[in-house]
Amino acid sequence: MSENKSGSMIVTGVIGEDVHIVGIRILEYALGEAGFRVTPLGSQVSQKEFIDAALETNADAIMVSSLSGHAEALVPGFREKCVEAGIDNILIYLGGYLLVGEMNWKDVESKFSKLGIDRVYPPGVSPTRVIEDLKADISSGRKNG
Amino acid sequence: MSENKSGSMIVTGVIGEDVHIVGIRILEYALGEAGFRVTPLGSQVSQKEFIDAALETNADAIMVSSLSGHAEALVPGFREKCVEAGIDNILIYLGGYLLVGEMNWKDVESKFSKLGIDRVYPPGVSPTRVIEDLKADISSGRKNG
Amino acid sequence: MDKLNRKLTEEEFFKERKEVLSGWPTGQDVDLDEAIAYHKSLPPGKVWAKKMQYAKEHGEIYAITGMGVATIEGQIELLQCIEREGQADLLGTSVDSYSRQSDYEAAEKGIKDSKDKGRSVLNGLPVVNHGVKGFRKIMDAVNLPISMRYGAADTRLIDEIGYAGGHTSGPADALMDFWHHHSKVSLEKVLNTHRYGKRLIGYYEEHGVPMLASCQGLYGAGIPPTLQVAAIIVQLFTLAEQGVKNMRLHFATHGDLVQDATTSRVLTKLADEYLKIHGYKDINIYLSVSFSLVQYPLEPGTAFAVSFMNTLMAKVCNAQSNDIRTIAEAKGIPKKEDTAYTFRTVKAMENFLQGQKIEMNQNDLDLECKMAELEVRAIVDKVLEFGDGDAVSGILKAVETGVLDNPFATNSASPCKVMGIKDSRGAIRYLNHGNLPFTNEILDYQTSKINDRENKKKKKLDYEDLVSDLMAVSKGFLVE
Amino acid sequence: MDKLNRKLTEEEFFKERKEVLSGWPTGQDVDLDEAIAYHKSLPPGKVWAKKMQYAKEHGEIYAITGMGVATIEGQIELLQCIEREGQADLLGTSVDSYSRQSDYEAAEKGIKDSKDKGRSVLNGLPVVNHGVKGFRKIMDAVNLPISMRYGAADTRLIDEIGYAGGHTSGPADALMDFWHHHSKVSLEKVLNTHRYGKRLIGYYEEHGVPMLASCQGLYGAGIPPTLQVAAIIVQLFTLAEQGVKNMRLHFATHGDLVQDATTSRVLTKLADEYLKIHGYKDINIYLSVSFSLVQYPLEPGTAFAVSFMNTLMAKVCNAQSNDIRTIAEAKGIPKKEDTAYTFRTVKAMENFLQGQKIEMNQNDLDLECKMAELEVRAIVDKVLEFGDGDAVSGILKAVETGVLDNPFATNSASPCKVMGIKDSRGAIRYLNHGNLPFTNEILDYQTSKINDRENKKKKKLDYEDLVSDLMAVSKGFLVE
């Protein structure tokens, strides 16, 4: 774990009216094990709550979980609000069951990329993969552009 | 059962190297119940054995069962041999699993119709339906050709 | 201290009712007298409680799962497909998650968007928005009983409209709704609004309409069964007090047949005993099981194997209701064809098993039952002690102090100290019992079971194993 | 009278062998010494008997089914798919039905036609035509043990080539082959050619190569289990005499768990007892079950439910081998994807059930076991009496007189007087016991069980019910 950019702060939460908590809990645990600091907001978190927490903790990334299928109604405007709040370049990752029903993954991904989400993950993605991406993005300074 | 053309004689059997006996047994039972006379040849019956039995019993129809999937090798020539034997117009019905693997039924049916088989049935056809067809064919004098 | 678990008077009920019905315009269409008459006109085949009674008497098992899309037309198409193609015995209405948060504006927008896009953008049927009239169309279009399936901090308006619309069953489960269906609401508020819902069911019962109420306490994946049994039993007092007469007790099985059979036996025995001791009589209890997972299998073969386990468990647990997930559960809201396919398959399974008797090793079962009873009694008695006999105040204090707890609660007010883990045979044991009031005898038994697995794995069990447990069945294993 | 059940001397064996190998050109390539060395070089994971032993010791259950197409390349593709996509533990070779009739010319034409048409026109792999070399390619391409699966009046050349090619298991089942695999051959001839096949297995065993022989007596749909158990046991003497050491006893289950568990227990107990009494020692016995139907379900959901029952039965019967049909069984020879899908599903079910204990009601089981034992002993003892202790002459006379009988024999020399029917719980009872040497005690028990169902149906059971029994499971019911 010494290789991590230890101390990077990650804000986590489940967006909207969504109550599914298990996935994000597991992710938080894995982030902690990998040497990240985590600010867990729990479930039913609004865009504003995410952004306020990110400002307050000077976070490097926001991990947004959405399982109920309503992400297409809940995510638009997120990036814009970050820009307004002066954290234009914060990493935003999104994961879970993003639409209602079965999803054609390529379409889903491009839909949310266009909304300024840096990385979009399908259900069941392993925390290991997410953490690898996160390390890479943080150290390369990759931000959404 | 009084409505049947009682006394029509049906030769039954399983063709070729095929040992599946249950289906034809059930059919024989149903034919008997419906008032037909049955000459059961059992399994592993050759074209010649079918035709000899039909000649001997002056049969109205031959019921050929084939489940092993080899009917496309076993049935060609059957009608021609009947013609040679002088029973040109005998009804020939064929049923079971006629090809190896899954079958597109329309193709199968036309394949065997072209070989001079009067009626071709897919797996699991109910004896009731077969008997209805048989009564109709016998009373209308329908024959192949 | 006032007794909190007390039946609402008719006056209180109707006063509250006014306010409830004003929550959304469709509330005005609910006419209780008309609804009671409507229910009385339903054939027995459309009434959940009657189907459960038949199943219990004849040893039958009936499958059920959630079903819900945004529009009435869509819902009819879905349910008809499940009834006809799926050979289903029971139907359900999943309520969408905006409605569960009482956000009927968002649900309304969801209906509109769904019509525009020609696909449901909602994850369930917004019962309130469609109103009594909307749901009656569904009732006319199918021949089976329909149950509501949802959880919410405030269930009152959905219940009013849902039952008046023709549902003959629905949830009555404050703990489940507090723990799993809202992140911030207080338990007090949930218990309060839920009292109303139960009273509503009681009202139908008083007027000769059998109405089935479901209760499961908490979502059971990875949760030790005795915790779930306790969370169900303490709530039964609150259902019974408001006049609920037909109860469907739902619990999660986890794959160890002995433990699962134990859960069923202990729940049946203690529910009956505690209700009687507290003077609640003439209550019909039905059982319902899930083979409960967190993550469901993506691979359809493994998903079928899961429905089979669910059915086997229903058999082993003498359950009437076989609460399954479709084989597409891990893919998203299932297509109607997937649901019908799952039902059809499970129906054949049920047919094959229904007439059979399956038993467990008697010694194993006796020991497991003895220990499970101790665990449940420890929790339930403590709750009642907290409330000085009053279940509601007992529950309030118990949840606050973690005497009733939940490892994966969504609500931030829950201590979440308890942690379950599988033993080497797949039974769930307490890796951490948090503040549960357990004796050393209980704890030693738990430890010995955990040690078995630790010895096999040659390591201490930790969070990694917990995660692996949560995922195991989805990969086709019981314990890894 | 000469003892017919006597071990072939090496001289006799090698003399007969010459003639056998001359049956088709590929016979010349069989070199027994080389084959023995080859088998000894196989890793344990490719040896059936070793896998069965592991399964028995660890309570594991492994699925198996028939698999076969015309060409080596096709067969490799098929088996690799089942191994990888299907997560299979065991593989099989279905031999095509021309080869089963020793018609290698027709099989050769089938290979050619299959290559021309780009699809298999044969219903199995023509083992003889491809020869030892052909099969070795398959052995190299997979990592699991492969069993031959076929029945024939004359099995000798297929066995020689099949075992030398690398199969580590195959059938040794004269009664099955007489009754079901030829319409006119005499039992005497079948027993004679089969003696050779068993001696061949014995020869491998003598030279340190464990070879597993399967025996099931008759195809079990609608057939009373005790008749099947008797037909297996009388044949064990003929296997043991020729030196067979590893036996896979396969039997059909029918859906009544008590009867099916009984079959397993009685078979295990009596096989062991009779073998020991007759002085055959050091024999390893493994069990294999099918949930046996005549007609399989066309609908994939019901077909999955059937594989589930098959797996549950394997568990209830403590079987090692879970002999399943693919979900495409009723459609025709399955596509490799269907087979893999079925295996994957069954694997998850096996995983879920493997560690569990399932028991039957002890009283029900005791009674059923007692009666089943009486029935089996009545038949087996009569057979041995007929032969004056010599199993082979006993079998000959028993089959002729219907003391061993088969309701749906293909062979016209079988009396086919026995008829089985389901009782109200799905157990198979003797509707007609033909010439089976049953006491009144046995017959009264059978009648009482049949009466149960007659009383329920309020009619005498007849041929219609028999047909309905044969079809019931394919429609998703156990008994109608």
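Every chain is named by a letter (A, B, C and D) in the order it is written, and numbering of its residues begins at 1.
What we mean here is this: a contact is a pair of C-beta atoms (placed from the backbone, for glycine too) under 8 Å apart; a residue touches a chain by one contact, two chains touch by 3 or more.
A quick note: this is a predicted structure, and the numbers were derived from the prediction, not measured.
Common partners of chain B and chain D, by the touch rule above, are absent.
Counted as hops between touching chains, the shortest connection from chain B to chain C is 2. Farthest from chain C in terms of Cα centroid separation is B. One finds 57 Å separating the Cα centroids of chain A and chain D.
The centroid of the Cα atoms in chain C and the matching centroid in chain D are 46 Å apart.
For this pair, chain A with chain C, the centres built from the Cα atoms lie 31 Å apart.
Here the CA centre of chain A is 69 Å from the CA centre of chain B.
Within the complex formed with chain B, the chain D residues making contact are 97-98, 100-101, 103, 106, 109-110, 119-123, 180-184, 221, 294-295, 298, 328, 330-333, 335, 408-410, 412, 463, 467, 470. The part of chain D that touches chain C in the complex is made up of residues 255-258, 297, 299-302, 304-306, 308-309, 312, 341-342, 344-349, 351-352, 355-361, 364, 424-426, 473, 476-479. Here chain A touches chain C in the complex through residues 17-22, 25-26, 29, 42-45, 68-70, 72-73, 97, 99-103, 123-124, going by the rule given at the top.
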